[in-house]
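The two complexes that follow have chain A in common; it is paired with chain B in the first and with chain C in the second.
Showing the complex of A and B:
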C-alpha cells in the first residue's frame, strides 16, 4: 500500500511485493509494448513521408500507460503531446492518433462512445493546458461529480506561469486535479539544470500548498500506486497533487529534432539501461508471469494491430476543404459565406 | 436556446452597468450552467460593481473570486466551457487582458474547429475598455482590433443599455466564444429603458441608429455618443447622417456597411483606437472593394493617434471629438 512521502523518489521495481496485482501489471506491460510498437511505426511513417512531424513517446510508455489505467471513465484527461498511451487507453483508436500527427483535425474528433470523448485534445503550446485542466476540475467540483482531472506536461512546462498559476488555484480551491510532470530531463535541448534551481520539480508544489510527489517514471507499478493514490484523493475532495515522474526521453524531441547535437551518446546509453518496458518485462519474467513464448505471440499481435491502424489511417478519405470553416462557429456566420463558397468552388474545380 | 423567464417589470430604466448586471443575473437564473468569476467580482461585486449582488443571490459556487492571474482566468474559462459550462469571466480592465491572448487565440477560438465539433467553447470574457474616465495608466486602452483578427472569436461591443443587455444575454447563450467589451465611459452615463424580456440581440449584425441619405457615420462603443452628437450638429445644417453602430466586429456585418455606403456614397469611420491597423481599416477596405462604384468621396477615418493611449491629462487631445467627426463629414461632402 502506497504511503505518501513528499519529494522522496518512490520505486517498486525490481522488488515487487507478493500481493502485487499481477494481472494488472501484465495488462500494463501489454499496453506499453503495443504503444512502443506503434511509436516505432509512427517514426518510420514520418521518415517515409507518410506522417507529419511526430513527437515520440519512447521512454514515456510507463507514464502514459499508468495514466490511462488509473483513470476512471468519468474522470477527465488533459494531455500535452507525448501521451499516446493514455489517449489509446481512453479509447482513441491508433489510426486517429496517426491522423492527428498526419495533419488532419479529424484525429481530435475522438469517438463519442469512449471515455476520451470528454478529454481535451493534444496541447502544443507548452503548459497552456494546465489552467484549462483547473477549469475542468472546478467544473467537476462544482457539480459534485467525484471525478478527477489528470493533466500532463513536460519538465520545460514547469518554468511557465501557467504551471504555477494552476498549482496555485488548485491549492486555494482544493481542486480534484492531478498534474503529472513527465520529467524526461530535456526540454528539446535544454537540460533540467538550466530549467530550474528547485531541488526537484515536485518541490514546486510546496509554494502552492499542495502535495508534491516524486516517482520513478520508468516503473509502472510505482506509477500506478502513486496515480491511484492521487486520483482517489482528488475524487474524494481531498485536494490536488503534483507528481514528478522521473524518466528519460529516449527519442529526439520530435522527428524534426536531432538530439545528438546537444546530449552525449553515453548519457542516452545509460538511460536505456533503465528503460520502462524491459524493466517491467524482467520483473514479470522473474515472477513467472511472463515468458518468451507469450512475448513472441504478443509482439506479433502488436504488429498486426499497428499495421491495421496504419492501413486505416492511410485510407481515410480527404477532408472537404470547406471543413476549415464549417467547424469554426456553431453556425457559419453570413460574413464567411463568400469565403466558403470560394473554397467549395476551388475544391469542385480540383475534382472536375 | 435562450429560455427567457418572465422577469418582474419588463421595462426598467437602467444605465449600461446596471444592464450588464441584470443580464448576468437573469442569465444565471435561466441557466444553472452559467458561472461568473474574475478578480474582485464576488464579495466586492467587481471594481465597477457589474457583478454586485450575484454572490449573495447564487453563492460562491457560481460566483467566484479568482487568484490574481488573467491567464489563469481565461484558461479556467476554456476548461469549463469545453465541458459544457457557460463561464462568464471578467478581466478587470482591457489593459490587463493581454495575458489571456494565448488562451483565446490558441484554444478558445479554435477548440471547436480543431476537434471538428467534438468540444465547443461557449465562454464569455467581459472587460471594460476605452478612455474618458481619467483612469490611471493602462486602464483606458481600446485594442479591440487585436481580437477581431482572431477567427472563431466573436468580438461584441455594446453602446447603450438596451444593447448591453440584449447582446450580453445573446453572448452568454452563444455556443461560440465571445469577447464582450464594455465601454466604461458609458457605464453610468444615462438611464434608458431596457426591455428585460426582449429577445437576445444578434451577434453578427450592425445596428442602424439613425437613417440618413447624405453621409454614413460608422462607429462602435463609447464613440457612438460623439458620433450621434456629430449627426445632430450636421442636422442643424440640413445634412442627414446615417449612424451605424457596428456592435459586433467579428463576424462583421459587411452587408449593412456596404448598403449604407452605397446609399450615401460618403463614409466616416470613428474609433478611439489608433489609426494604423485599427478596425476602421478593415471596414474601409471592405467598402473600397464592395461599394467602390457608389463612393463619392474618399473614406474618412476619425481615430485616436498612433501612440499609446496617453495618461489622462492629454486624453481630450487624443480622443476623437464631435468637432473632428463633423469636420471629416464635411470633407466628404465637399469633396
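Showing the complex of A and C:
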C-alpha cells in the first residue's frame, strides 16, 4: 500500500523495494523508449515539412507511460497535448497521433475497439480540458460506474481559473478524478518561480479539500505507485487527487519555439542527468532485468515500428473536405448542412 | 532530380537565414541525418534529411536568405522519386507580403521571370545575370535586352549586390517605415561642460538630463499612433540606447531611468552592452522604448538629425565635445562645449514643447 509524507517528493528509483514488479517496469521501459524514438522522428518530420507544429514529449515519457499503464480500460483519459505515450497505450496507433499533428481530422477518430474510444482528444487551449474532465467524472459517479477519470495538464495550466474550479468541484462532489500536473518547470518561456508563489503545485489541492501528492516525474515506479493509489481511490468513491509530477521539459515548448533563447544550457544539461529513460534503464540493468543485447534489439524494433507508422501516415488517402465537419460534430447542425452539401460536390475531395 | 525545399518551420514564417551547412555536394546522407541549420525570426532550427540519397547540388550558401518553398538542395536521381515535400516544380514566391526580389542560388531559369523572351533569358544565362533581380523597363514591366546588358555592365564593373541580412536588414526596414511616417524637426544647441570633473560618466549625465527634460515637458516621453492620431504620454521613462556593433545598430532599452540610482544605471548599461555584443540580448529587451538617446559623440560628429522611430516621438543626439573660446570675468578661457541635437515628430509635438524639453535638458547638463 502506497504511503507518503504529504507534499514530500515521492521517489522509488533511488532504492527499489524487494517486491518490485519487474516485468511491469520492463514493459514500461519498452514503452518509454518507443515513444522517445517516435518523438524524435516526429520532430524530424516537422523539420522536413511533413508534419505541422508538434509538441515534443521529451522528458515526459515516464509520466505519459505511467498514466497509460495505470489506467483501466473502463477509465477515462482527458489529455492536454504532451500525452503521446498515454494515448498510444490507450490504443491510439502511432500513425494516428501523427495524423493529428499533421492536421488530419481522422487522427482524432480513435479506434472503437480500444480504451481510447472513451477518451477525449488532445486539448491545446490551456486548462479547458479540466472542467470537462470534472464533467465526465460527474457522469461516472452519477452512473455508479466503477471508473476513474485521469486528466493531465502542465504547470502553466495551474494558474488558470479552470484548474481551481475543477479542483473545487472535484472536492465538494467527491468526484472520481485524478489530475496529473506535468510540472516540467517551463510554461513556454515562463519559469516555475514566475508562475506561482505556492510552495508546490501539489499544495494547491489544500484549498479544494482534496489530497495533493508530489512525485518524481522522472521515476516510473514512483509514478506507477502514486497513480495506482489515486486511481484506485477514485474508482472506490473515495475522492479526487491532485498529483504534481516534477519533471523537466528537455525539448523546446513546440517545434515553433527555441528554448535556448530563454533557458540556460547549464540548466538543460543538469536536467539530462536525471532524465527518466536512462534512469530506469540503469535500475533495470543493475537488477539484471535488462542488458545491452536486449537494448540493441529493442531500439531496432522501435525504429521499425516508428518507420512503419510514418509510412502509413504519409500514404494516407487524401481527406475529403467534408471531414472537417464530419469529424467535429456527432450530429451536424442544420445551419451547416448546405455547406456540407457544397463541399461534398467538390470532385475528388483533394486539397488544392 | 528531386529537390528538397525549405518547409514552413514555424507557424507561418516565410523566410530563414542559412547558418551552416553540415553536408556538401557529393555527400551521401541517410534519412534524418543533419543537413543544415537555419535561423528564422523565432528560432535556430536544425533541418534533417527527408530521405536517403546523394546530394547533387546545394542551391544556397551559409548566410543566404531563403523563403519557404525555395529549393535548398537537389538529390541525385529521377524526378518524383522523393517524398511529399520534395518537388520538382519550383514556384515563384513573389507576393504582396514578400516583396523581396532576392533570389537564391542558380535556379533563376526555373522561375518564371516577369515577362521576357527566350532569347533574353539565354543572354542572361550567358552573362550570368539573375533575371529576378532586374526590374523590367519594357511594356508592362517586361525585361528588355538593354535591361540585361545594363545589369551585366553594372555587375562587371562593381560586382554583385549583396542582400542585407539580420540586424542590417531589420534596420533598413525600420528606418524606411519611420521615414515614411514621421514629420521630423530638429533643434540644435550646445552647453558648456568645462566644470565637469575629469571622470564624469557622460552617458549617465545625459540620461539624468533627459529625465529632467521629461519632467519639464512630459509629452516628449510618449507614444504616438499615426493611424488613429492618438497620443499616450508615458509616465515611466524607458530609454532606448543606440549601440553600434560590428553586426549593425542595436537599440536596447534601459528601463525606468528616472527612478534608478546612477550605479544601478551604469550596471544596467554595461549589462545591455555586453548582451548586445554577445548577440544574446532577448528580443523583449529591444522593445518598448519611450524615448531614445544616440550618444554618437563617442565616435565623432557634432550635430545630427537622428531618425525618430515610431511610436516614439523624439530622439536625443549627443555629439563629440569641442573647445571654443569663452570669456569669464573678462578673461579668455578654453570652454568645453557639449553639442546636443533633438529631433521630434511634429505630428505629435510642437516647437514650444520641444524647446522647453531641450532647455530643461541643457540646464541640467549645465549643473
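Just so it is clear, the second predicted complex is superposed on the first by the 324 of 352 C-alpha atoms of A that agree within 3 Å, B and C clash if a C-alpha of one lies under 4 Å from a C-alpha of the other, contacts with A are read in each partner's own complex, and residues count from 1 in each chain.
Following the convention adopted for this analysis, contacts are C-beta pairs under 8 Å (C-beta built on N, C-alpha and C of every residue); 3 or more make two chains touch, one makes a residue touch a chain.
As the structure is a prediction and not an experimental result, all values here were calculated from the model.
With the C-alpha superposition on chain A as described, chain C and chain B fit side by side in the combined arrangement. Of the two partners, chain B and chain C, it is B that touches more residues of chain A.
By the document's definition of touching, of the two partners only chain B reaches A:130; chain C does not.
In the superposition on chain A, no contact is made by A:226 with either chain B or chain C.
Shared-chain residue A:60: touches no atom of chain B or chain C. Residue contacts after overlaying the shared chain place A:105 against chain B, while chain C stays out of touching range.
In the superposed pair of complexes, A:47 makes contact with chain C only, with no contact to chain B. When the shared chain is aligned, chain B comes close enough to touch A:172, but chain C does not.
Of the two partner chains placed by the overlay, neither chain B nor chain C lies in contact with A:283.
Minimum C-alpha separation, chain B to chain C, in the superposed model: 20 Å.
No residue of chain A touches both chain B in one complex and chain C in the other. Interface of chain A with chain B (complex): residues 76, 78, 105-106, 108-110, 112, 117-118, 120-121, 124-125, 128, 130-139, 142, 161-162, 165-166, 168-169, 172, 323-324, 327-330, 333-336. Within the complex, the chain C residues that touch chain A are 4-5, 7-11, 32, 42-50, 83-85, 282-283. Only residues 35, 61-62, 64, 66-67, 69, 71-72, 74-85, 87, 102-103, 106-107, 110, 112-120, 151-152, 174-176, 204, 251-255 of chain B touch chain A when the two sit together in their complex.
On the side of chain A, the complex with chain C involves touching residues 40-41, 44, 46-50, 53, 252, 255-258, 260-262, 314.
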